[in-house]
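Structures given as structure tokens follow.
The two complexes that follow have chain A in common; it is paired with chain B in the first and with chain C in the second.
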Partner chain A sequence: MIGLEHILGRKGGPRSSGSRPPRRFRLSDSQFGALVSLPGLLLLLLWVGVPLVIVVVISFYRYDFIRPTKFYGFGNYIKLFHDRVFWLAVKNTFIFSLGSTFITFLFGFTSAWCLSRIDRGGTFFRTLMMLPWAVPLIVSGFIWGWMFNPTYGVINDILLKLGAIKAPLDFTADPSLAMFSVILADAWTRIPFLTILVLAGLERIPAELYEAARIDGADIFHELRHISIPMVKGPLLTGLLITSVFSFRSIDAIFSMTQGGPAKATYVLGLYTVDNIYRFLNFGRAGAISVMLLLFCSLIASAYVYFLLKEERWS
Partner chain B sequence: MVLRRWAARIVDHKATAYVLLCVILAVLLFPIFWTFITSFKSLEETFHWPPTYFPHRFTFEAYFGGRRGILTGSPVPIYLMNSLIISLTTSFVVTAAGILTAYGLVRYPFKGSKAALVLFLLTRLIPPIALLLPFYLILRYLGLINTRTGVIFYTIYLCYPLVVWMLKSFFEAFPGELIDAALVDGASRLGALLRVVIPTMATGISAVAIIAFLWTWNEFLAPFIFINSDVLKPITVGIYYFVGDELTYWNTLAAAGVLAIIPGIIFFIVAQRWIVKGLTAGMGKM
Partner chain C sequence: MRKLASLIWVVLGIALVALGGDKTPAWQLINWDGPVSAAERLSADEYILPEGWQKAVEGVEYIVYFNSGALRHDPATVVNIKKFEELTGIKVKAIEVSSLILFDKTLSVLVSRDPSIHGMSLTDAPLELSQVIGAGWAAPLPFWTPEVQEIYPKALVDAMRGPDGRVYATCDTMRVYVLFYRPSWLKAAGVDKAPETWQEVREAAKKCREWAVKNLGPDYWGIVFPGKYNLAHMLQAGIYSQGARVLVDGKPVWNSPEGRNSWQLWYDFIATDKSAPEACLGYTWNDYQEVFAKGKAAMMLGFSTYIVRCSNPELAPGVQTDVFGNPVEGGDFAVVAPPKWDANHPDSHRAAFIDFDGFIVNPFADDKHQAAVMLFAEFRMSKEACRNEVLVEGNDAFFPGVYDDPEVLAQIRFPEALRLSAQNAVMEAFPPGSKHSIDILVEYFGKAVTGQMDAQAALDAAQKEIDEIYW
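For the complex of A and B:
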């Protein structure tokens, strides 16, 4: 059948050359690809590249709204490295990020493993499992803050009823308990993501592998160690990387729960950045902290890429 | 050895997975349950010790209680509207732009298109909080501080790389023969995208749009720093000012929390399968 376009000569057929000039500038496929994706690439470059350059440049300026703004060299960084609060924030950030990643891993992996082993109600369980992901972190901070409340909190009541404690604990006043509380509030919203990532990996493992292992006399622990965990290493590492990088810079839960207290026990780098922008108006220092945050996150990311590449070489 | 065999048999048992799941779910869902329960209590009952696990007096006063109800006596409806405007706009812009970008990069590769894709992935690892300061300065320069447009400007940056990366996996899995068939039938390359690719991938694309929507909806820090006027605040920022110095109205705070998490819960219940697919497609093999 001859299409309408053919008759009109859109395809540059011989009959149309009289009425319409032949199309000379038909883009090649790769030109078309470049043209279509160019706006998006420009968007990325503008939206990410420009701010990146600005933040690095600012970190070399003294920019504090008190004294005139001027080039400062490494001044901001040198001051930062002599700053006790900065190092405290670095330490807290690592504890917070590691703690959050660990709890996320513990719950996420266990849930994924269970979900991969059940035959019925998979959709039901998986949907319920996802719900914490829908909760904004700032709200999660409030919810957990309310549950951890020393006078009216439900967690104290549960622990008392279980006989785990004798008197109500003041979670947000004790430094180490406060850190534990904010870690819980942060990890809670990250568990679903790791669960579905690992679950997708587990479901890709062919059942024959397990059957073969069973014939060779393997029990469930052998299977976990020699089949399940090695086979989901890729998604698992990916999930752990994303969890650790995300929790490294996440402050919402801390913001609504402890504001960095008590006595700066939960004060993290992100909070220090925001304080320098919002409260102290020291933009130069905020820039320097931001650049340090960037460096730390790249460090975590490169460690992960290294492990992943090593894995690939082996297999 | 005997101990291990027993342990293996217990762990291996089918029921173990169900029992473990129920325990984990009880822990995971308790905070959400508690927020709902608290929002249906009266203020006096929230300060009751020991706490009541089901409201003695089931009441909607936190929602509709006149001056003290969040829907009748507070700016929460305005906050929700702002959240909706910001999230919908971001989601739409990012998805539309992302579709074009991913289509070009995946279907019609050119020199450097592989590198461009990796670039999208790498930008996801940049902590957004590190770019808060430059974005603040840019928005101030453009006169967009204290506007919803300014926040949208930032949330586009937040979602765009992830959206392109997720769509990329969808496009890679898309059968190329369908596009070729459309081209043979005389469709242009853009026409093939509009008439073949997008309709076929509608569910996947909506999942990506939902993820972008939720990610924007949950954002707190950027609107907190960029917006001052009460009438422009999204719900995440508005809720932050509910905590009082002397007395916190926990029932109304919980009610505001319920409203803030409802869109996410609805989306997950309706489109769980597709959201999961979108997320795992984008990240399973990063």
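For the complex of A and C:
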């Protein structure tokens, strides 16, 4: 049996005396890394690369089951740029993504910071904090949908009983409230993820730093501003990147709560893609929207990666 | 010698391949129309299997199909599956798929040509079938002989027909719309009789809402309806009640004079009269009926299948008492046929859309499984199976002869309303692209109701975009 070290050539195998040493297959660390990455890369190519190519190809076809399928050049893209609903969906997607990321940041960071300062019962609170993460997004959407229901939802019931409102609020039917409702439902499941990341970063900060700051007269807000936030910038940016890209293409909460309504007030690009595939059977246009969605996501990711690298260089 | 032997083998091989390529599909081994005709087999009190079925499905142990929703909500389907299994020995595996994603799953199977799902339900059959058939995603069903077609409602059969004249689906379940109302609520609000016209419905809804605000609370409404996808059915009811149709030369026209009236009516319920909640904009086909079942609405135009649901204290606790809290045997609700537009219209205009779930056979499944699913599909449209749909589940019967049975009639609540609704119900099979057109309608209706656009301007804008789909 050939050992790993033999393949790597780091430790020699038994040599027969007097003969020429056998020619060993030597790999550098980076070559070895590339070799073991190959299966993963191939899978990635198969599951992501091939479908991506198919999507791009389909986006150049008129493929709508109404007229005969034919090569359409940039026809789908040109139509898309003149499509009122597309731009509405772009706008809503940015609002949704920014809103969800902001709420996730607000609650995620605060929770992580609080959790990092809990001495007793920390495990209990951390477990409690993780629970929303275990709930699938689509289920979370349905739960929030029921809670927001103006006729039998618990939120309206509580607000009515407290006297905070006189009539039930149409959380999912009022265009101004609908976006807020779906953002809240989406962010609820993303907060634990950011909390974990930030918490891990916060716990890596040496306690001496805080002690030294306190000796210098720093209060809790100074510590937060001058120690905690700068020291967790890396994990925080990574978390925000993942949250914003995921929420940018997420439709689960919207699908289960409003299905893009009322009057398309919560209609996002992901939903427009799904509708074009599964409801309108316009595969060509769905392909073009998917490509645009990919471009938008890549742009967001690029911005974050730029800041992340800049941060690392600075560090 | 060796060369000769090789030659013989090659010739034999070619012959075998040629013979194999010419193999008769399994469903053609079934004598669907003889010696007992298909019409006779289907009309028998107990379904009769066609001749030659055993040979056709030899080796098939089970069939798999997508069922619309959970089986616990489909007790008649469970009974029919059991009966089919007893008859044929073939197990039926029903995969329970939520109606929200049923078409998505179906489409995934068909696009990927997955042979492992042998049959599929289509919940929006009037809108989906034309596209599914046009794409070659449904197998033509051989048991739809001209005599069999004569038995069933012509409009429904036509909705399942392809451009080549063949029929590609069967009807899983069908539903007619009826007007549900709470007698005690209407009476308390000063409405003496069940509304028969949409104008009367509007007045009654206003009175019921006014009374409810004073006596029940702000979240009790005169009428509720779906503002999402099934909004189209509501608009259709208004249009049909005036004797008109939506499709003109095969394309949907919603802003006809009758369409404008209907649009305005549903808009007025929310925006002008405030007798319906703005929450209607978010209601699916199920949500608004749940609101009624919870006792929060005085009226709704709902599926006849909800009669059974509303009769069940567990499923519809809100309508088991009158509005004063006194228990009512069988529930405080009643139904009448959909209203006509106004008193000047004949009773034949008391019409609404007839909705049905279609069932298709996956053409990419192997031929033996296709044959087995065809048997299952045929059994489910038989008189025996349709009778179970009515008696066990309260669905409407695709096989009209079921209603000739006095035993069935004796067990149905509100038979006269159902008869009139079924008799006048309208089926229009929409062309490809119609789901998109309804999506546009729903959006503009929302814009009108939320004050972003004038109601009629919104309808015109919607129609303009709908027309662009069919360019």
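We adopt the following convention: the second predicted complex is superposed on the first by the 269 of 315 C-alpha atoms of A that agree within 3 Å, B and C clash if a C-alpha of one lies under 4 Å from a C-alpha of the other, contacts with A are read in each partner's own complex, and residues count from 1 in each chain.
One rule holds in what follows: a contact is a pair of C-beta atoms (placed from the backbone, for glycine too) under 8 Å apart; a residue touches a chain by one contact, two chains touch by 3 or more.
Just so you know, these numbers come straight off a predicted model, no measurement behind them.
Novice: Do chain B and chain C fit side by side on chain A after the overlay, or clash?
Specialist: Chain B and chain C clash in the superposed model.
Novice: For A:Ile227 in the superposed arrangement: first (chain B), second (chain C), both or neither?
Specialist: Neither partner.
Novice: Just to be sure I read the superposition right, which of the two partners does A:Ile103 touch: chain B = first, chain C = second, or both, or neither?
Specialist: Touch partners of A:Ile103: none, neither chain B nor chain C.
Novice: Check whether A:Arg279 is in contact with chain B, with chain C, with both or with neither, and answer first, second, both or neither.
Specialist: After superposition on chain A, A:Arg279 lies in contact with chain C alone.
Novice: Taking the superposition on A as described, I'd like to know which of chain B and chain C A:Lys166 touches: first, second, both or neither.
Specialist: So A:Lys166 only meets chain C here.
Novice: Regarding the shared-chain residue A:Cys114, is it in contact with chain B (first), chain C (second), both, or neither?
Specialist: first
Novice: Who touches more of chain A, chain B or chain C?
Specialist: The partner making contact with more of chain A's residues is B.
Novice: State whether A:Thr151 touches chain B only (first), chain C only (second), both chains, or neither.
Specialist: Both chain B and chain C are touched by A:Thr151.
Novice: Could you tell me if A:Ile66 is touching chain B, chain C, both of them or neither one (first, second, both, neither)?
Specialist: Only chain C is touched by A:Ile66; chain B is not.
Novice: One more residue to check, A:Pro235. First (chain B), second (chain C), both or neither?
Specialist: The first partner, chain B, only.
Novice: Given 96-104, 132-140 or 402-410, which part of chain C has C-alpha atoms clashing with chain B after the fit on chain A?
Specialist: Only 96-104 shows clashing C-alpha atoms.
Novice: Could you pull out which residues of chain A sit against chain B in one structure and against chain C in the other?
Specialist: 151-152, 274, 277-278
Novice: Taking the complex as given, what residues does chain A use to touch chain B?
Specialist: For chain A paired with chain B, touching residues are 3, 5-6, 10-11, 29-41, 43-44, 47-48, 50-52, 54-55, 58, 107, 110-111, 113-115, 117-119, 123, 125-140, 142-144, 146-147, 151-154, 157, 160, 188, 191, 193, 196-197, 200-201, 219-221, 234-235, 238-239, 242, 245, 248-249, 251-252, 255-256, 270, 273-274, 277-278, 283, 286-287, 290-291, 293-294, 297-298, 301.
Novice: Could you pull out which chain C residues touch chain A in their complex?
Specialist: It comes out as residues 103-104, 107, 131, 134-135, 218-219, 227-228, 277-282, 284, 291, 294, 296, 431-433, 435-436, 439, 442-447, 449-450, 452, 469-470.
Novice: In their shared complex, at which residues does chain B touch chain A?
Specialist: 4-5, 7-8, 11-12, 14, 17-18, 20-21, 24-25, 27-29, 31-32, 34-35, 38, 46-51, 53, 97-98, 100-105, 107-111, 113, 116, 119-120, 123, 125-138, 156-157, 160-161, 164, 185-186, 189-190, 214, 217-221, 225, 236, 239-240, 243, 250, 253-254, 257, 260-261, 263-265, 267-269, 272-273, 275-276, 279-280, 283-286
Novice: Using the touch definition from the top, list the residues of chain A that touch chain C in their complex.
Specialist: Checking each residue of chain A against chain C gives 64-66, 149-152, 156, 166-168, 170, 172-175, 178, 258-259, 261-265, 274-275, 277-282.
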